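Each in C-alpha cells, the structures are laid out below.
Each of the next two complexes has subunit A plus one more chain, namely subunit B in the first and subunit C in the second.
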Partner chain A sequence: MGEPLLSLRDLEIVFASRQATVSAVRGVSLDLEAGCSLAIVGESGSGKSTTAHAIINLLPGTGQVTAGSIKFEGQELVGASERTFVELRGAKIGLVPQDPMSNLNPVYRIGRQVKEALRANGVDPKRSTYKALTELVGEDIPDTPAGRLYLSSAGREALIAELTRRGLFNDQVGRDLVIGFSTRIEVQSLLQGLGLEDAAQLAAAHVDGASANDRVAGLLAEAGLPDAARRARQFPHEFSGGMRQRVLIAMALAARPQLLIADEPTSALDVTVQRQILNHLGTLTRELGTALLFITHDLGLAAERAQQLVVMYKGRVVEAGPSLDILTDPRHPYTQRLVEAAPSLSSRRLGSAVAPGAGGVITVSNRDRADHQSQGHQSQAGEPAADGGRRPLLRVTELTKVFRLRGARPGSHSLFTAVDRVSFDVPAGTTAALVGESGSGKSTVANLVLDLLEPTSGQVEFEGQNIARRSKAERFAFRRQVQPVFQDPYGSLDPMWSIFRILEEPLRTHGLGDPKWRADRVRQLLDRVALPASTMRRYPNELSGGQRQRVALARALALEPKLVVLDEAVSALDVLVQAQVLELLAELQRDLELTYLFITHDLAVVRQTADRVYVMEQGRVVESGAVEDIFQHPRQDYTRRLLEAIPGSSLRLGEPLRPEP
Partner chain B sequence: MDESGLGQIDALDESVPPASLWREAGRKLVRRPSFIVAAVMILIVVAVTCFPGLFASGDPNSGCFLASRFGGPSAGHPLGFDQQGCDIYTRIIHGARPSVLVGALTMLTVLLLGGTVGALAGWRGGWLDAILSRLGDIFYAIPTVLAALVFLNSQKDRSGVVMVVLVIAAFAWPQMARITRGAVLAVKNADFVTAARALGVSNRRILVSHVLPNAAAPMIVTATVSLGTYIVLEATLSFLGLGLPLTMHSWGSQISAAQGLIRTHPEQLLWPSAALALTVLAFIMLGDAVRDALDPKARR
Partner chain C sequence: MGWYIGKRVLQMVPVFIGATLLVYAMVFLVPGDPIQAMFGERAVNPNVAAQIRQQYHLDQPFINQYLIWLGGIFQGDFGTSFSGRPVIDEIAQVYPTTVRLALMALVLEAVLGVVLGAVAGLRRGRWFDSTALVLSLLLIAVPTFVMGFLLQAVVGVKLKWLPVTVGADVSLRSLLMPAFVLASVSIAYVLRLTRTSVAENAQADFVRTARAKGLGAGQVVRRHILRNSLIPVVTFLGVDLGALMGGAIVTEGIFNIPGVGNKLFQAIIRGQGPTVVSLVTILVLVFMLTSLIVDLLYAALDPRIRLV
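Coming up: the complex of A and B.
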C-alpha cells in the first residue's frame, strides 16, 4: 500500500510548567493507512488525546513536541509552520471534539457555522473553477470527489417541474433529490432508474453546483438531520446533544478531509445516542474513504469501531495490533487487566449474595454467606423467587413524583411526572439495579428512597415501615440505615474539609463515641476501603478519582447502614479503577451483608453487580427481571436498544472468534 | 500490579504536607511579587494607623505657626508646611487612621450585612430570595454619593466615623449580597451537601460548616477589593465636607482644603492625594492577588 497516510515515529511530548517538565507522550509510534481506522485506547492521563492534538498542532498550553516525527501524506509536520497547519486543518484533517455542548458557538445559527467550515477551507460548492475547466476542455470531466457537482435548490425545482411534466414525479423521487447532497452522477442514475433516455443530459442541465447555503443544507441532511434547510436556521440550544455532535461531524467532514480525528466523540452523550453517532461516523467515513483516528477510553468500543488498536499507558504505547488479536490475546499485563476489567466485555457477576439465574451456580462467596446467616433463607441459588417468602428490606410501591415546572408566564406552571407508579422490592443482601438513560427518572427514585424528596403519591417502605410517616427522631435514625454514594468523586466531598473531618462527620452528627473512638473508627473505615490511615490528614483535591470514591464509600459505611444507594457511583471512573471499586463493593456486600440499590445507565456494569434489574423509561419501569433473563431475553425494544448500546456487545468474547471478512 | 498502574493510582505522596485550600492559597500568595508589594504597603499603612506617634512626633492640631505658612521642606519637616503653617507630614500620618478605620469598619459591616442577606437568599430561595434580591436591587439603584449627601446633610451635627460607616455600608451591601448569593447557589446543589443531608446533618449546620466556607473565597476577594473603594468613598464625602469632622484630618478633608491652591501650591494637593492613591492601590492589588490564589479553577 506504500506509504501510510499518517505515521508517527518516536514522538515525545512534554508539558513544561515553572516547576517541572512532565512527559505526556514518550516514544509513541503508529501508522494509519488511508481509508483505515485506528483507535488509541487509554485511561485519562495516558497521553492519547495529547498525541492526537499534536498531529494538528493544537496542544494545549505549554505542550511541546520535543522529539520524533509526525508525517502526514509524507510531509513532516513536526516543526512545520502555523500556516501549514492552518491549510491542513479542516481541509485534510478533520477533528470531531469531545463535548458537543461547548463546541458550537451559541450566538450563531447552525447553518452559518457549517458554512464557515466550508469557507474557511476554501471549499467551493459551485465548483466554478471546475466548470470553467470543463468548458475549456469542451467535455465533462469524470465526476471525481474533487469535481463533484451538487443539486441546487433552483435546479431541484426545475428538475421536479420537468419530471412532473412527463408524469414521472412521485414522493419517493422527491425524497431522493436532496438539495446540496445529491450529486450529478447520483441524479443521473436515479433518472436512468425512472427509464429516462436523456438522463445524462437532464442531470447535466439541472445539477450544476449548489450555492453555499444549499450545500450547508446538504451537509446537514448527510448528517442525518431531517428538514435540514429549516434546521440550518436554528441555534445550537435548539439541538440535542446527539444532533449537535452530528453537526460537528458534518463540519469536520465538510471539506472531505483524508483523515478524521475523533476525540472521545460520544463520551458526553447518552448511551443509545452514542451508538447512533458511532454508526453514523462509521458509515460516513467508510463511504467517503476517510481514515479514522479514534480516541477512547473504552476498549470494547475501540475494538468494535476500529481495525487497529493502540493501547497507551502513561504516555507509552504498551501494545498495538489488529483489534481482535489484542482482545483475544492481550500480551502486555496492562492490556490483560484492561481486557479483564472492561465491563462491556465481561459477563461475570462479581461474587455476592445471589448467583445469576442462568445455571443456578452457587459461587464460593455465596456459600460463605449462607454460612454466615444460619437461619432464614437456605435456598439462595436459582431464581430470586426464593426470596419471595422473606420481607424485603426495601419495598417501593406505586411511587410517583410530579414536579411543578415554571411556565413561560409568571405564575403559570406545568406538571412533569418524573417518576410514574414505580414499584419494586429489594431483598436484604442483594443488589437491585435501576437502569435507564438520563431523564428516565432513576435518580429521582434514588432521592425518594433516600428521603431527600417527598413522593407525590405511593410509598417507600424500609424494613416494613413507611418512611414518610415517621417522627423526626425516627427520620434521623433512618439516616443511619440508608446512605448514598454519588457519581462525581470530585463533587461529593467537601473540598474545604480534611478526609478525617469528612469521615468523622457522620459519627459526630449521630453522637457516636468519644473523639478517640471516632479517630479509631475513621482509621478502620479507611482500612476497610483499602486506603492508608495517613490519608485522613489529606484533603480531597490530593486524591485521585478512585481514591475519592472510596472515601465517599467509607463515609457511607461509617454508620453501618443496611442499604447503600449507589447513584452512578462508578460511571465517572476509569475502567481499571472502576473494576477496583466494583470488586470492593462486592467484597463489602459479602462481609457486611449490605444491600445495594444501583442506579446507572451502564448495563455492562449492571451485569457485573446486580441480581435484579429494573429498566426505566420516562419515569416508568418498563421491564424487570433477573439479570441474566434481561440480558438473554430482553422483551422491550427499549431494553434491547440499551443492550445494543453496550460498546463491544457485538463482539462475542469467549466464543471462538472469526476475523471479519 | 505495578505494571497495571493500580499501584500508582493508589500511591499517595507522603512527603508533602496536606494541602488545605487556605494553606495552598497562602503558598501561592507568597510566590507572587504583587502580593509582597501590596502586603508591605498595607503593613506600613496599618502600622501608621495604629501607632501614628511612632512615625510623626508632633500633634497635627498644635504646633502650627502661621509664620511657617507654605514653608518648604526643612529638617524635621520633610514635606514642608501647609497654608495654616502646620506640618504636612504629620497631618498625612495622622490622616491614615480615619481613612483606614472607615474602610475596614465598612468592609466588616458590609460582610456581615450583605453576607447574611446573600446567604439567606441563596440558601432558602423562593419568596425570601425574591424579596431580598429585589430589596438589594433597590439599594443598588440609588447613587451612593447622592444618597449620602442628602442623608448626611440632614444631620444636625457633623457626623462621626460610625455615621459615615453606616451610610456607606447601607448602600454598598447589595454587591456583597449578590456575590454571596451566587456562591451559595453554586455550592448548594453540590453532592457533598446532599450527602450531608442524607447523613441527617441539620440545615443550619450544613449552611455554616459546608456551604459558607466554600462560598468564602469570592466574598473575601470582593471585600478586599472594595475596601479600597470604601476609603475613596470616605475621602469623597470628606472632600464634600460631609464626612468626618475636620479635626480628624482625613485625607479627604486635606485634599478639600488644598483644592484652591492647585495653581499656586500644587504640592499641597499632591501629598494627601498620593497617600490616598497608594493605600487604595495596595488594597486593590491585594484583592487581585487573593483572587488568583483562591481561584477554584486552578485547583482540582
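Coming up: the complex of A and C.
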C-alpha cells in the first residue's frame, strides 16, 4: 500500500484563553490506511476528540492547530482554506458525533436533515456510486450505470403489483425490495431467484432511479431504521437515542465518504442498543470500504471494534499498535491502568489473559472484587431463608406503578404500567442491583423506594415499616436514612452553591449541631470521599466529573444513612474515574456498613459491585439471583442479550478483530 | 389544535369581562363630574344636566351602567360618546392610524433588531458586537420623549428630511420617525435577544453536525442557526405588537398623531367613560388575539411544542 489515507504528524493543538494557553494535543502522530479501522482511546481531556475534530477543522472555540501536519489523501490540511474543508466534509470525511440527543436540529424533520447531506455534497440520489457486490449478484449480470439505479417508491409499488398478479409476492420479497436502497441489479438477481424468465426486463421497467426522498428512506433503512419512509417525516424528538444515532450514521455515510470519524458514537446509549449500532456501523463501513477512525474511552470497546489502537494520555500518544498486542501486553503504565480498570474487560476470557501482563501486582480494584465476592457469599448465607432472625433492611413487595398518560384530546388518557409487581429484599450491608435497558422501569423503582413517587399498589418496607403509612415527622426521619446519588453529577449539584453549602444543607435541614460542628463534619465528609478540605470553597463547575460524583456521594453520606440508592451513579464517568468511584463505594460499604441499591444498565459494573442482581424488563423482574449465577448461568434470553452487549465480551484471543455482522 | 383554540377563546371570556369591569370601575371612581367637564367653565342648567344623566344612564348605580354597556357591546353597539357621536365611529377614526404606526414600528424592530442581533451574535466579543451592545443599552436608557424631541430637532428641523409632526397627514413617510421612536426600546431588546440566541445556537452540537455534513457557512447560518434562534424572538415580537399599540400615548403626543393614544388621553381627561372603556376593550382584545397567534406560531416554529 502506498500513502496512508490519513496521516497525522507531530500534531500540536492549543486552546488559547485570555489568561493562558492550554496545550490539548502535543505531538500526535498516527496513520490510517484506506478501508482500515483505528481507535483512539483515552479518558476525557486526553485530547482524543480534539484530534478528531482538528482533522475536519471543527475545533470548538479558540482551539487552533499550531504545529504539525494532517494529510488526507496526500493533501495537507493544516492551514487549508475553509472552502477546502467544506468540500471535504461530508463528501470525503463523515462524522458520527457523540451525543445523539443534541446533534439533530430539533425543528426540522429527519428526512430533510438527511437530504441536506445529499444536497450539500452534490450526491445524485438516483443511482449508487458503488459497484454492485459481485458475490451477491453473480458474474452473469454486467455492472452498468443503469444497473446501479435505485428502486423508487412508485417503482416498488408497480413491481409489487406485478408480482402479486403473478402470485409470487410474499413478505420476504417485500422486505428485500427497499425503496432508495435496492439497485436494478439487485432486484434483477432477486427476481431471477424467484425463477422469473423476464427478470431483466421487469427490473429495467420498474427500477428507474430514486428521488431524493426515496434515497433518504433508503439511507435510513441501510442504517437500520425500521419503517424508514414514514419515519423520515417525523421530528427528532419522536425518536429514541438509538434511532437518532442511526439517523446520524445515515447522514455521515450519505455521500459515501472514504473516512468516517466516529466520536464516542454510543457512549450515551444503552449497552444493547450500543451493540446493535456498533455492529451495524462495522458492517456498513466494511461493505463500503470506508476507513473508520473510532474515538472512545473504553479500551474493551476499542479493541473489539478496531484493528489498530492509539492510546492517548494528557495530549500525548503513550502507546500505539495492533489492538490485541496492546490489550495482552500493555507496556505503558497508563495503558496498564486502563486495561485493569476497563469494566468491560473483567469478563472471564480477558481477565485471565490480562493477569500475566499485570505482572502479579494485586491492584486495589481486584482486591475489592474479591472482597465483594466473599461478602456476597456471606450475605447469601445470611439471607432470611437461611437465618430467620435477620430482617432485610429494605423489602419491596408486589410494587406496581401505573402512570396516566395524557391523550391528544382533553379527558382522554391511556395507562402505562412502568413497574409491574416487583418484589425484592435487600439485607443490611449488602448491595442489590437492578439491571435493565432504559425504559425497563428500574429508575421508577428507585424513585418509589426513595418515596419520591407514590406506588399504585404494593409496598416498600424499610426496617420493617411500610414507608407509605407514616406521619410527617416519620417521613422526615426516613429521609435521613435513605439517600440518593444520581447519574448526572453535572445536573444534580446546584451550580450556584459552593461545595460547603451543598454538603452543609442536609445537616442544617435536619437541625444537626452548631455551625462549628457542621463545618467540621463537612471537612470529615470531604476527607471520607478523598477530596481535599479546600474543595469546600469551590463550586461544582470547577470540579471534574469524578470529583463532582464524590461530592454527590459525600452529600448522600452527610446524614449517615443506612441505605444509599445509586441511580446510574457511575454511568456518566470515564473508565478510570468509574473504577475509582467504585472502589470508594466498596470501601465506604465496608467501613460504614452501608446498604446499596444499585440501578444501572451496565452489567459489567454490576459484576464488580453487587451481591444480588435483579434483571428488569418492561417493568417486571424477569430474572434474579446471586451475581456469579446470573453471569455464568443466565436463564433468560433477555439477560443473555444484556451480557453479550458488554463491550469486549466477544473478544477472543487469536481471532481477527472484526466486528461481528 | 382545534381544541386548543377553542379553549383559548373560552379563556378570553373571563379576561374580557374582568378587564372591562376593572376599567369601568376606575372610570366611575375618578373624581369629578363628567357633565361639568362637558360644559367646561360655564354653568350647567340643572334640567339639562339631569336629562343628560338619564340619557347616559349616569343616574343609575355603577353595576347597572356596566351591564347596560355590556349588553350593548353584544349587540354591536358601543354606545354614544358625550359629544353625541357613536363611539364606534370614533374608534374607526383612530384605530387605523395606530395600527399603521404599530405595524411600521414592528417591521422596524424586527428587521433592525434581528439583522444587527444576528451579526453581533455571530461575531461575539468583537468590535461590532461590543458597539451593538453599547448602542442598544443607550436605546433602552434614553426615555422615549427625549429620543422623540432629539430626532424632531435633528432630522425634522435641522436636516429637514422628514416632517416634524404628523397631524392629519398619516402617510408612511410622515409616520417613519414616530415609528422609529416607538420601536427604539424594542429594537434594543430584539437585538439583545437575537444576539444571545444566535451565539448560543452557533455553539450547538447540531450546528457542528450540519457543518460536518458539508454545508457551507452561509447555509449553516441561514438554515440552522437563524431559524432556531428566531423562536424566542418571534414570541417577543408578537407580544410586543400589543404593547406598541397600547403604549403609543407618549409618541402620539409628541408627534401629534390622531391615534388611539391621543384619543384615550383626551377621553380620560374629560371623563368620557364609554369612550375610554370601548378603546381599552379593543386593546384588550388585540392583546389576547396576538398572544394566541404567538402561541400558535410558536408551535409551528418548534415542533416539540404540543398544544394541549
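What we mean here is this: the second predicted complex is superposed on the first by the 490 of 661 C-alpha atoms of A that agree within 3 Å, B and C clash if a C-alpha of one lies under 4 Å from a C-alpha of the other, contacts with A are read in each partner's own complex, and residues count from 1 in each chain.
Note that contacts are C-beta pairs under 8 Å (C-beta built on N, C-alpha and C of every residue); 3 or more make two chains touch, one makes a residue touch a chain.
Treat the numbers as computed from the prediction; the structure is a model and nothing was measured.
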Answer with first, second, both or neither: which of subunit B and subunit C does A:L104 touch in the superposed model? second
In the overlaid three-chain picture, which partner chain does A:L452 touch, first (subunit B) or second (subunit C), both, or neither? first
Of the partners subunit B and subunit C, which touch A:L576 in the superposed model: first, second, both, neither? first
Check the contacts made with subunit A and report whether subunit B or subunit C touches more of its residues. B
Between subunit B and subunit C, whom does A:P515 touch in the aligned arrangement: first, second, both, or neither? neither
Output check: A:G193 vs subunit B and subunit C. Expected answer is one of first, second, both, neither. What do you get? neither
I'd like to check the shared interface: which positions of subunit A are touched by both subunit B and subunit C across the two complexes? none
Please give the residue numbers of subunit B that touch subunit A in the complex, ascending. 3-6, 8-10, 12-14, 18-21, 190-192, 194-201, 205, 210, 213-214, 299-300
Would you mind writing out the residues of subunit C in touch with subunit A in their complex? 3, 7, 203-206, 208-217, 219, 223-224, 227-228, 231, 301-304, 308
For subunit A, which residues count as touching subunit B in their complex? 43, 313-314, 332-334, 337, 450, 452, 475-476, 479-480, 482-484, 486-488, 490-498, 505-506, 509-510, 530-532, 534-535, 537-539, 541-544, 546-547, 552, 555, 559, 576-577, 580
In the complex of these two chains, what residues of subunit A are touching subunit C? 56, 58, 60, 82, 86-91, 94-95, 97, 99, 102-107, 116-117, 120-121, 235, 237, 248, 251-252, 254-255, 406, 408-410
